[in-house]
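As written, the chain order gives the labels A, B, C and D, with residue 1 at the start of each chain.
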Amino acid sequence: MIVVIKPHVAEERTNQLIEWFKGMGLGVHVSNGEVNTVLGLIGDTGRVDKDLIASLDIVDSVSQVSEKFKQCNRKFHPEDTVVQVGDVKIGGGNFVMIAGPCSVESEEQIVTVAKAVKASGAQLLRGGAFKPRTSPYDFQGLKGEGIELLKIARQETGLPIVSEIMNLIDLPLFEDVDVLQVGARSMQNFDLLKELGKTKKPILLKRGMANTLQETLMSAEYIMAGGNENVIFCERGIRTYSDYTRNTLDLSAVPMLHELSHLPVIVDPSHATGLARLVEPMALAATACGADGLLIEVHNDPLHALCDGAQSLRPEEFDAAAKKIRKVREAIL
Amino acid sequence: MIVVIKPHVAEERTNQLIEWFKGMGLGVHVSNGEVNTVLGLIGDTGRVDKDLIASLDIVDSVSQVSEKFKQCNRKFHPEDTVVQVGDVKIGGGNFVMIAGPCSVESEEQIVTVAKAVKASGAQLLRGGAFKPRTSPYDFQGLKGEGIELLKIARQETGLPIVSEIMNLIDLPLFEDVDVLQVGARSMQNFDLLKELGKTKKPILLKRGMANTLQETLMSAEYIMAGGNENVIFCERGIRTYSDYTRNTLDLSAVPMLHELSHLPVIVDPSHATGLARLVEPMALAATACGADGLLIEVHNDPLHALCDGAQSLRPEEFDAAAKKIRKVREAIL
Amino acid sequence: MIVVIKPHVAEERTNQLIEWFKGMGLGVHVSNGEVNTVLGLIGDTGRVDKDLIASLDIVDSVSQVSEKFKQCNRKFHPEDTVVQVGDVKIGGGNFVMIAGPCSVESEEQIVTVAKAVKASGAQLLRGGAFKPRTSPYDFQGLKGEGIELLKIARQETGLPIVSEIMNLIDLPLFEDVDVLQVGARSMQNFDLLKELGKTKKPILLKRGMANTLQETLMSAEYIMAGGNENVIFCERGIRTYSDYTRNTLDLSAVPMLHELSHLPVIVDPSHATGLARLVEPMALAATACGADGLLIEVHNDPLHALCDGAQSLRPEEFDAAAKKIRKVREAIL
Amino acid sequence: MIVVIKPHVAEERTNQLIEWFKGMGLGVHVSNGEVNTVLGLIGDTGRVDKDLIASLDIVDSVSQVSEKFKQCNRKFHPEDTVVQVGDVKIGGGNFVMIAGPCSVESEEQIVTVAKAVKASGAQLLRGGAFKPRTSPYDFQGLKGEGIELLKIARQETGLPIVSEIMNLIDLPLFEDVDVLQVGARSMQNFDLLKELGKTKKPILLKRGMANTLQETLMSAEYIMAGGNENVIFCERGIRTYSDYTRNTLDLSAVPMLHELSHLPVIVDPSHATGLARLVEPMALAATACGADGLLIEVHNDPLHALCDGAQSLRPEEFDAAAKKIRKVREAIL
């Protein structure tokens, strides 16, 4: 950490601050420039509150030299992490298509959709059993029963299953789920993240509605600090003042997260736009900028979907999109 | 719900949509204008997905006539709700000052601060035992021990205590806490909200980092739908592109929430700005626009605070601010 | 315009509002539903202030049935507009690459870059002569001299030239410039837009820093209302709370603007990210989602660039990117 | 400027950078810490592109020690600036109320409103003659005729007049206007700012729709760099995702701008909220946090206002608000 002292500060006050840092067990390298004195802190600066130091009246600015994220940091782990789900590999050059309905509604629905998306090339099946809904009066998911239906669909198709967990007390129900999804609203549910860190399950970590990339990395760090290295990032749009789409899909997060971290990054164009007709173009864009995969909502009957029908593709639309996605993927290799 | 059909749509297609609504058990009032056909839906439209209808190619626009929030809606409950905490009343003309440190650190610290803020006029003591921290490597709170220390401070001063709950499995530890705070990151932790709805505890519900007022109202609705009517809103700043403050304090939320809901609304100027020197002016502003109370961080030794020292007032600063706050409160009555 | 009256409003008050609308020369179609009365306004509702009506205490909601943008609206002009610049066509299936330095600095610089980008496939040369800079102490561009140097580069290479106009009084200097760029900060400089509407010049209209798509369309409408139909939209990133990029590139604007308008849409990945190493991936993404072209900063010596060197590609980097861009473009056709 | 070099960078590469800085005429103070090498640049670093340096692969971070704003910076001018308009003083403890209609519509209207707001204690009259409207089909203001009507109202009441200038070619029309307002959409119309810097007129500079405080300060700097020190800041709400108000009024800008600059800061609660019923509470809040004045829209007949009627107070509402504003102002002195 580099602390720049304001000009014309009495030496005595600077010395008090230096002593305070030393009292925290840090080494302090003092450099007296012509204009400013600069303190370089050495040691475990993770315990120093950067905002507090910056708020002191004698301090001009503070810069954090080392990032707070360690385990997901590419600096310390230059090769891409490949997350393995059954026979499916994600990251490190392996591209994955995950598809399925927003909510699991019935055995017929989930099996039908699973077969359809498999035929179109999807390698994983997604389906929500626990649904975070803004209103308490909206459909909240089939819960445990939904998980059971997903397993049936897996048995019928061989596709590993992905489903969202909202609450750590539900963890036993997810024992036989292949990939656990952490939704945008839970990205900073730190107790949940810690608990997931104790498992070895692949975790699909969605970026929060208004979170920065640094906060997203720190949430991965919570999981990895517990010993679970199987984390997949998912960009799903951030909240802005956009007037025609539900969120603003921030695709620059794909190359930027790849630069900062070794973990795979996939994109969810369905939630990002909220509009089925924008899913294909944004899926192509995500593929073109290097995403390691896509998470796409597909429903056999969007008009009757119990949740998010507006953003679901029909199976034939997904099939057409998947063909184009593969062409774009080939074009950038 | 009012559905406006686009001009020049074949009557047959409009009729299909009308039949679909009727199949959902809704009444449909059709009005053929010169330009547009307008459908008025009657009955329980809460089950109709507004976004889905709006995405249909024959639909021009959909407007939700009735809000999705019912129990916290002032339309159905015109008088102000007064939340009672021991002898302290909040809302309906009763102004409350809640003060204390970001984190409980030791018995000495919390008792010292509690006595100081009581002497300055605070009626409730706040203190964090469970701390949501962006980094897994930061101090996470004293947890159960912190709650015990808060109770000691309550015994010493008589001040009821307010503390944040992050996880429903911790609920037993909060049995003897007077007000349970839901932090910004948990505002849409719907399982937690449902569980709090089953208690009768006063709930201090902080607006999420990037949540709209409607979403904030819906989260109160989750708690109230369970039978707990003791909800207090707290505006604590929203995320924007502001360059000198941590968040942007949205004070217009105070009169707007008062218009939309009968529940009390308080303001947290400490988290909103992240800077101790901005706490007093923003506390005065919040008071002037009609807030029912304030939540202010006070620490006896901000430089050594384990968390958020940059935004904490020292007891003497809080005392000076409290005097001015009372003067502004009197000026608007 | 559809005006929904609140339930239980006295008939007399509704009638007053109806009379007021009639006094403005509008027809009013009244539909009394079981719950709400709905007024359908017929005629030139463009003069009715939607916000004012919505703020009346008897009004529940107002929906604008017809958009305020007419001339750029695809509804009234279903075929794509093709903007012609010399021999170069933009839109309607024609993809254009526009490249060059942020600022024109010298004859040698602009001619060198022009030759390089032409060799790599660029069809238009961009270069800033008038530079909007946040600080009055920063380099403000070579102004008229810069325009002259651009013309020399055009003569040397045959590439038509694109340059930004900030002020309508500079219009005579731009007489011989092929495409006039309106920068993000000028998107709502309405006097400038009106003046550009009187010319027949192709106008490259950049979306403002925090403008919605509707506002962007309305700015095109200002130009077109004056009689100039040669407008090209340019998405260049919007302001959010992103922490690692300068702006957030909103690529969903590409398919959305294509749906709403018949005008071409290009993308500027250089300003959007502010980082040269993100330009290629975001250019590929823009291409994949259907952009009609790209605006890319290229500089022969970014480290010595007088402006925005951090986001400029070197000629050899642009050449490599252009090859990939063409491959992605082919993949989606 | 402080440049922190990454660890383990070859000395040769660091030396190249040092030489490059020296080639720009800067002094470089090198400090070799145990972990990082830190370069302190001495001299006119205003010409160094911070973003470019930060983007170099050997650089870890760059911090700007000295702000880019000089003339409006409180560091170099500790006392409050007082802007004088006729007999009215603004800033330095002097509070000003500026009121009037959004648009000047007729002599009767502007004179009526002027008399009313004067009677309620307003010291300056505002009225728009040139109106920036999102749509080319909306009322654009009476222009020169509107200015003439404002002068008549000034003659009738003695109130100095404030009106918005959108375009530097209109400057001659404003010769006899007392305060020239730069609207939010023009805050970064740098050519206009430079021209206003050549006058001695008081300039009311509104913060742009999505501008940071630093950008706002830099726009004041443009005016002051030309020799005009009579600048008044105006906070008028910023664009966010707020759902019930037009913008989000950022009141923390008031104390923060006061800390950073010596110039007066006023607040416009009318545009910020877009709702007449929120104007009073937000005006009180602005007063309580130390604003030097208020800019409030008042119209004698908001329902027939040609522009922004939804946010205008009627004269009797302004009168009631003004009384409370004075009480709050007294409470904080």
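Just so it is clear, contacts are C-beta pairs under 8 Å (C-beta built on N, C-alpha and C of every residue); 3 or more make two chains touch, one makes a residue touch a chain.
This structure is a prediction, so every number in the text was calculated from the model and none was measured.
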Query raised in the report: Which chains are shared contacts of chain A and chain B?
Result: C, D
Query raised in the report: Which chain pair is joined by more contacting C-beta pairs, C-D or B-C?
Result: C-D
Query - Most distant chain from chain C, judged by the mean position of its C-alpha atoms - result: B
Report summary line: Taking each chain's centre as the mean of its CA atoms, chain A sits from chain C at a distance in Å of 31
Requested in this report: Go ahead and note the Å separation of the Cα centroids belonging to chain B and chain C.
Outcome: 38
Query raised in the report: How many angstrom lie between the CA centroids of chain C and chain D, rounded to a whole number?
Result: 26
Report summary line: Contacts with two or more other chains occur in chain C at residues 210, 239-241
**Report entry** Contact footprint of chain D on chain C as seen in their complex
**Finding:** 20, 46, 49, 51-52, 54-55, 68, 132-139, 166-169, 185-186, 188-191, 194, 209-210, 215, 218, 221-222, 225, 239, 246, 274-276, 302-303, 305, 307-311
**Report entry** Contact footprint of chain C on chain B as seen in their complex
**Finding:** 2, 4, 27, 29, 31, 33-36, 38, 40, 42, 60-61, 63-65, 239-241
Query raised in the report: Within the complex, which stretch of chain A touches chain C?
Result: 210, 212-214, 238, 240-245, 248-252, 254-256, 259-260, 272-273, 277-278, 281-282, 284-290, 324, 327-328, 330-332
